[in-house]
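A, B and C are the chain letters, set down in written order, and residue numbers restart from 1 in every chain.
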Amino acid sequence: MMYSIAQIKREWQFMLSQRYVLALLLCGLLVSVFSVVTGISEVNQQRATIERLKAADEIDRAEAQEKYDDPGSLAYYTFHLTYASPSNLAFAALGERDIYPWKHRVRMLALEGQIYESDAQNPELAQIGKIDFVFVISALSPLIIILLFHDLVASERNNGRYDFIVSTAKSSFALWGARSAVRFISLYVCFMLPFVVGAVISDTAFIDVLLVSFMCFAYFIFWTLLSLWFGRHSSSAPKIASSLIGIWVLFAFVLPILGDIAINKHIESPDGGDILLVQREAVNDAWDLSIDTTMASFLAEHPEYDYYEELQSGGFNWWWYYAFQQVGDQTAGSLSVQYRHASVAKYESAKYVSWLSPPLLLQRSMTRIADTDAKAAFEYENQIREFHKALRMFYYPELFSSDTFDKNKLESMPQFK
Amino acid sequence: MDVYVILLHQGLSVTKNNNSKALIEARDLCVDIKDATILKNLNFKVAAGEIYALLGGNGAGKSTTLKTFLGFNKPVSGNAVIDGQEVTSALDSVRSKTAYLPESATLYPHLTARENVSYFLSLADIKKTDAEIDTAFEKVALQANARERQLQTYSKGMRQKTAIALALLREAPIFFLDEPTSGLDPVAIDEFNQLVSDLAANGATILMVTHDVYGACQVADRIGLLRDGELVGEYEAPEGGRIDTEQVHIAFAQRQTA
Amino acid sequence: MSVGMTTNAVFSVAKDEWRYWVRSKIAVSVLIIGLLLTISSVIVTLANMHELSHQRSSMQNNAEETFVDQPDRHPHRMVHYGHYAFRVPSPLSILDPGVDAYTGNSIFLEGHRQNSAMFADQKQGTGLTSLGSLSPAFVVQVLAPLLLILIAYSSMSREKESQTLSFILSQGTSIYALILGKGLALLSVVGLILVPLAIAGMYAVTQGESGIVVVGFLLAYFFYLLVWALIVLLFSSLFSKNSESFTALAFVWILLCIAMPRIASTTAATVSPSSGKLETDFAVLAELRTLGDGHNANDPAFAKLKASLLEKYNVDKVEDLPVNFRGMVASASEEELTHVLNRFAEQSMQDELAQTQISRYFGWLSPMVAIRSLSMISAGSSIETHHRFLREAEELRYSFVQSLNKVHVEQLSYIDDINRSKGEEAWKKARVSADNWQMIQDFTFETDAAETRLNRSIPSFLQLALWLGILAFGIRLAGRQSL
C-alpha cells in the first residue's frame, strides 16, 4: 500500500512537470465547465419559459372563461398549455430537446391538426448541436484520452528512454500503472468535477450522479485501454494516434451514419404531411356531409351519445362541430399511428447500431436517464394525447346536453400534469 | 590468416578461469530477433568485481546481448544468468541488482539533474537523502551549479555523469554500460574511465559493450570479441597491467577480411 | 537564385513529397479513404436531395390540384380549407443540405393564422447522426482537415527530425522553396478532394443554380482547405519532432472543428435566448383581441367600416350594400391581422437571425465556423433562405385568402350569406362556383438570388481571408526561424 502511494505520488509530481499534459487537462476542465455552466443556464431558461407560459396561459384561459358561457365556445376559445419540464439531469444531457418540442398549446379541435405544430429552436444552431456535458464526454474526451495515452510508452521508446526506465524501475507494471493511473484519475476528475458541482446545484438525484459517473468511468476506461493497447508495441506515436483517431471517426461518424442509412431504408413511414392532409379533408368535407353520416362515425367511438337527434336544432350545433373534429382525428388515426410507430421503430433500431458505437451508446444511455431523448419526446406526445382525450371526456357530456352549462364545473376541468 | 588464428588461440589460452563467483553469465545463449538469429551459442562469465568488455563491430550482437541481460529479449535457447538467477524468470529481482547506462543517457530533458535522479530512484524504490545525492554528484564531478538546471541544457558528458550518479546511488552490484564513451571528448573519456575503475575497485561488476578497441583495453579486465553473434576470442589483462591493444586490434580488424 | 531554379526546386520538393506519401502506406490509404468518403457523401446526398426535391414539387402540384378540384363552396370555407407551401431544396443542397432536415419543409396555409413549418425530417430520425452526417459539407469541413493532418503532419518536422533540413538548406535550396514545394504537394491533395464537389457543382448548374454561386462555393472550400494546408505546414515547421507536430495538429483540429462550432452555437443560444413561437403567440393574441373577430360582422370593431361603407354607397342598411358586407369585414380584418402577425413574425425572424449572427462571429476564431456559414449561405440552405420561404409562404397565404375574400365580397349576396344556416336549401345557396378556385397561384419556392447570397457570404469570406493572411505571415516567421 505504502509502495503504491509512493508510486502515485512520484508520478503525480512527474505529471506536474509535463506542461502539455497539464494543458490538455486544463482544456478538458474548461470545456467541461463550459458545458455544465451553459447546460444549467439552458435548463434554467427552459424552466423560466415554462413558468412564464404557465402564468400567461392561466390569464388567457381565465379571460376566455370569463367571456364565454356555453361549453362549445369555451372549448373553442380556451387553450391549454402542455409542457415537459427538463429533468434535474437535463443540464448534462440537453438531448433532443432542441429538435422535439417540449411545449405545446392545444384545444378541443382535431388534435392531428395541432400536434405537429412545433415551437422549434433555431435550426441553424440545432443543426450543429449544443456542447452539453454528454457531448464533451462522448465525443471530446476520447480525443483528449487518445492524446494523453497513445504515447505513454511510445514517447519513452522514441526518446530512447524506454530500456533505461524499465530496467531501472523496480516493477515496470507499477511504473506504467502508476503513470496511467495518475493521468487517468486527473483527467476523470477534470471532466467530472464540473458535472458533480452542476449536479449539486441542480439537485440531481444521487443515484443518477452515481450512474452517470460510473458510465463515464467505464467509457474512459474503454478509451484508455484502447489507447494503451494500440501503443504497447509501436514506437511511432503519430501512427498510434492516427489509428486511434481513425477508430474514433469510425465510432462517432462512419458506423452511425451507415446505420442511419440502413434504418431509413428499412423502415417505411408515411409522410407526415399526409396525416395533416387526410385530417383536413375529413374535417372540411364534414361541413358538406349530413350530420348523420358524421355522427355514425362518431358513435362508433362514443355510442353513449346516440340520442343526439333530440338535441338537433336548425342552426349550428357545437356537438356536431366537435364530433367531426374527432372524426377527423379518427380518419387520420391509422396514418398517425403508423407515423408514430415508424418514429419509435427507428429510434429503437438505432439502439442496435449504438452498440457498435460507444460514443452513441453513452449518449443514448445518458439522455435516457436525463429523460431528454426522443423516447421522452414520444412520451410527452402521448401525454398530450391523453390530456386531449381527457378534455374531450370533460366537454362531451356538457356538449351533448340540453341543460344550461354550470360554469362551476370548469373547476373540475382536467389539468395538464 | 594463420597469424590471426594463432593470435586468437593465444588469446584464448591466456584466459584463465576465474575462481570467484560469476555474477553475469551467458550459457549457450541463442537469441533471435524477427526470425534472424543474432546470438549463436554465446558463452561467457563475468566474475564479481570484474570489468568485462564485449567488443565488436556494427551488427556483431553487442546490444542484443546487453538487452538480453536486461530482460528485453527472450532467448530461444540457453540462459542469461545474473547472480545465479535466470533473467527472464526473475526479472524484478534481477533488475534491482543491475544498473544500466544507455549509450546516450536519455533522462528527462525537462527535469533538472536532481529531479531526474530522485525520480528514477523512486522508480527503483530507493530512498536517498539530498546529501547522499550530492555526494554521488560529487563523485561523478557534476558541478554544484549545474545540478539544478534542466537536462536540456546539458552537454552529453554531463548527462552521462548524471546517469552514473544515479547508478551509484542505486548501489547496484552489477553495471551494464552501452557504448559509454561514444561521443565524449578525450578529457571526459578519461574521467569516465577513472570512474568505472573506481566502481570496480569498490566491488562492482561491470559488463560494457563497445566498438572502441582502445577504450576497452584501457579499462577492461577482460575483453570478449564478438563477431556475428559468436564469441571468437577472449583477452585478459596481465596482473596489474593493461590488455595489449595492438593484439586485440588485429583480431578485431580480421572481421573485415573474414 | 534565379526564378527558374526556384520553380524547379519547388516542383522537385513537391514531387518528392508525393513519392514519400506513396511509399508510406498510411498516407496513401488515408487519401483513398478520404476520397471514397467524399465521393460517397456526394452520391448519397445527391440522390437524397434529388428525391426530396421531386417529392416536394409533386406534393406542391398535388396540393394545388386538390384545391382547384374542390366543389362549389362558400368562399370562406375555402379560406379554412387552406393550402400548402412546400420548400423545394435549392440545387446546391446536394452539397450542403444545411438546415433542411432541421426545419419543417411544408406549411399549412389558412385564413387568420400563420402556422409554423411542420414535419422536420430530423424529428423522425434515428438520432444517430447527432455527431455528423454523410453530407459533402460535413465530410469536407470536418474530415478533410483531419485527412490533411494525417497525410502531412510530418512534412517539415520530418526533415528536422531526420536532420535532412540542414542538408537540404546547405545545398542552396531556400527554406521557402521547400515550404512552397510541400505546400504545392498538399494543394494537389486539396484539388483531389474538391474534384467530386466540382462535378456535383456542375450538376447543380444544370439544375438551374447560378454559375457564379457555384464558383464562389467551390472557391470558399478551396480557401478553407488552403487554410488547413497552411495550418499543417505551420505546425509542422514549428516543431522539430513528428510526434509533437502531430499532437499539436490533432489538438488544433479538435479545437477548431469539433469543439468550436458547438461552443459557437451554445454561446449564441445562451447569450441571446430566443423566446419561441409559443411565447410570442400570447403577445400576438393579446394584440389580435383588440382587432375584433373577422367572423362576426357585428363586432363593434367593424362599426367604422360599416359607417364608411353605408356612407359611400349612400344606403341605410348593410343589406342594401352592393357588396357583401361580411366579405368586406373578413377582408379588412385579414389585412389588419396579417399586419400584426407579420410584425411579430418579422421580429422573431430578426431575433433568430441575430442569434445565428452571434454564432457566425466565431468564424473569426475557427475557419470551420466560417466555412459552415459560408457554405450554407451560398448553397441556399441557411436560415436566411428558410426565412425567405416563410415570408413567401406568408405572401402566398395572404394572397389566396384575400382573393377568396374578394370572391366573397363580389360574388356572394349578403342575404344568402347570412341565411346560410337556415336549412339545406339556404346552405346550398350560400356558395360560389368552383371556377373561382382557379385563382390559386402556382407556387415554386426559389432560393435567394445569386447576388443576395454572395453579398451575405462576404463576412465569412473575410474571415477565411484573415486566416489565410495570418497563417501566411506565421509561416514566413517560422521559415525565418528555421534558417
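The rule is short, and it goes like this: contacts are C-beta pairs under 8 Å (C-beta built on N, C-alpha and C of every residue); 3 or more make two chains touch, one makes a residue touch a chain.
According to UniProt, the chain labels map to these proteins: A, C = ABC transporter permease.
These numbers come from a predicted model, not from an experiment.
Engineer: Report the topology of the inter-chain touch graph, choosing from line, ring, star, complete and other.
Structural biologist: Per interface graph, the chains form a line.
Engineer: A-B or A-C: which has the larger count of contacting C-beta pairs?
Structural biologist: Result of the comparison of A-B and A-C: A-C.
Engineer: So, comparing each chain's Cα centre against the centre of all protein Cα atoms, which one is closest?
Structural biologist: A
Engineer: Suppose each chain is reduced to the average of its Cα coordinates; what separation in Å results between chain B and chain C?
Structural biologist: The answer is 70 Å.
Engineer: Quick check: how many Å separate the C-alpha centres of chain A and chain B?
Structural biologist: It comes to 65 Å between the two C-alpha centres.
Engineer: Using CA atom averages as chain centres, what separation in Å is found between chain A and chain C?
Structural biologist: Computed value for the inter-centroid distance: 24 Å.
Engineer: At which residue positions does chain A touch at least two other chains?
Structural biologist: Within chain A, no residue contacts more than one other chain.
Engineer: Touching chain A in the complex: which residues of chain C?
Structural biologist: Spelled out, the residues of chain C in touch with chain A are 26, 30, 44, 55, 59, 71, 73, 77, 80-82, 84, 98-99, 101-104, 106, 108, 115-116, 118-120, 122-134, 143, 146, 150, 153-154, 242-243, 246-247, 250-251, 254-255, 258-259, 261-270, 273-279, 281-282, 285, 352, 355-356, 359, 372, 376, 382-383, 386, 421-423.
Engineer: Using the touch definition up top, name the residues of chain A that touch chain B in the complex.
Structural biologist: 3, 6-7, 10, 13-14, 17-19, 159-161, 163-171, 175
Engineer: Touching residues of chain B toward chain A in the complex: what are they?
Structural biologist: Its residues touching chain A are 67, 70-72, 92, 95-96, 98-100, 102-108, 110-111, 115, 119-120, 122-125, 163, 166, 170, 176.
Engineer: Considering the complex alone, what residue numbers of chain A touch chain C?
Structural biologist: Listed in rising order, the residues are 20, 24, 27, 31, 34-35, 38, 41-42, 45, 49, 52-53, 56-57, 60, 96, 99-100, 103-105, 116-132, 135, 139-140, 143-144, 146-147, 151, 154-155, 158, 236-239, 241-242, 245, 249, 252-253, 256-257, 259-261, 263-264, 269, 271-273, 276-277, 280, 284, 287-288, 314-316, 339, 342-343, 346-347, 349-350, 353-354, 359-360, 363-364, 373-374.
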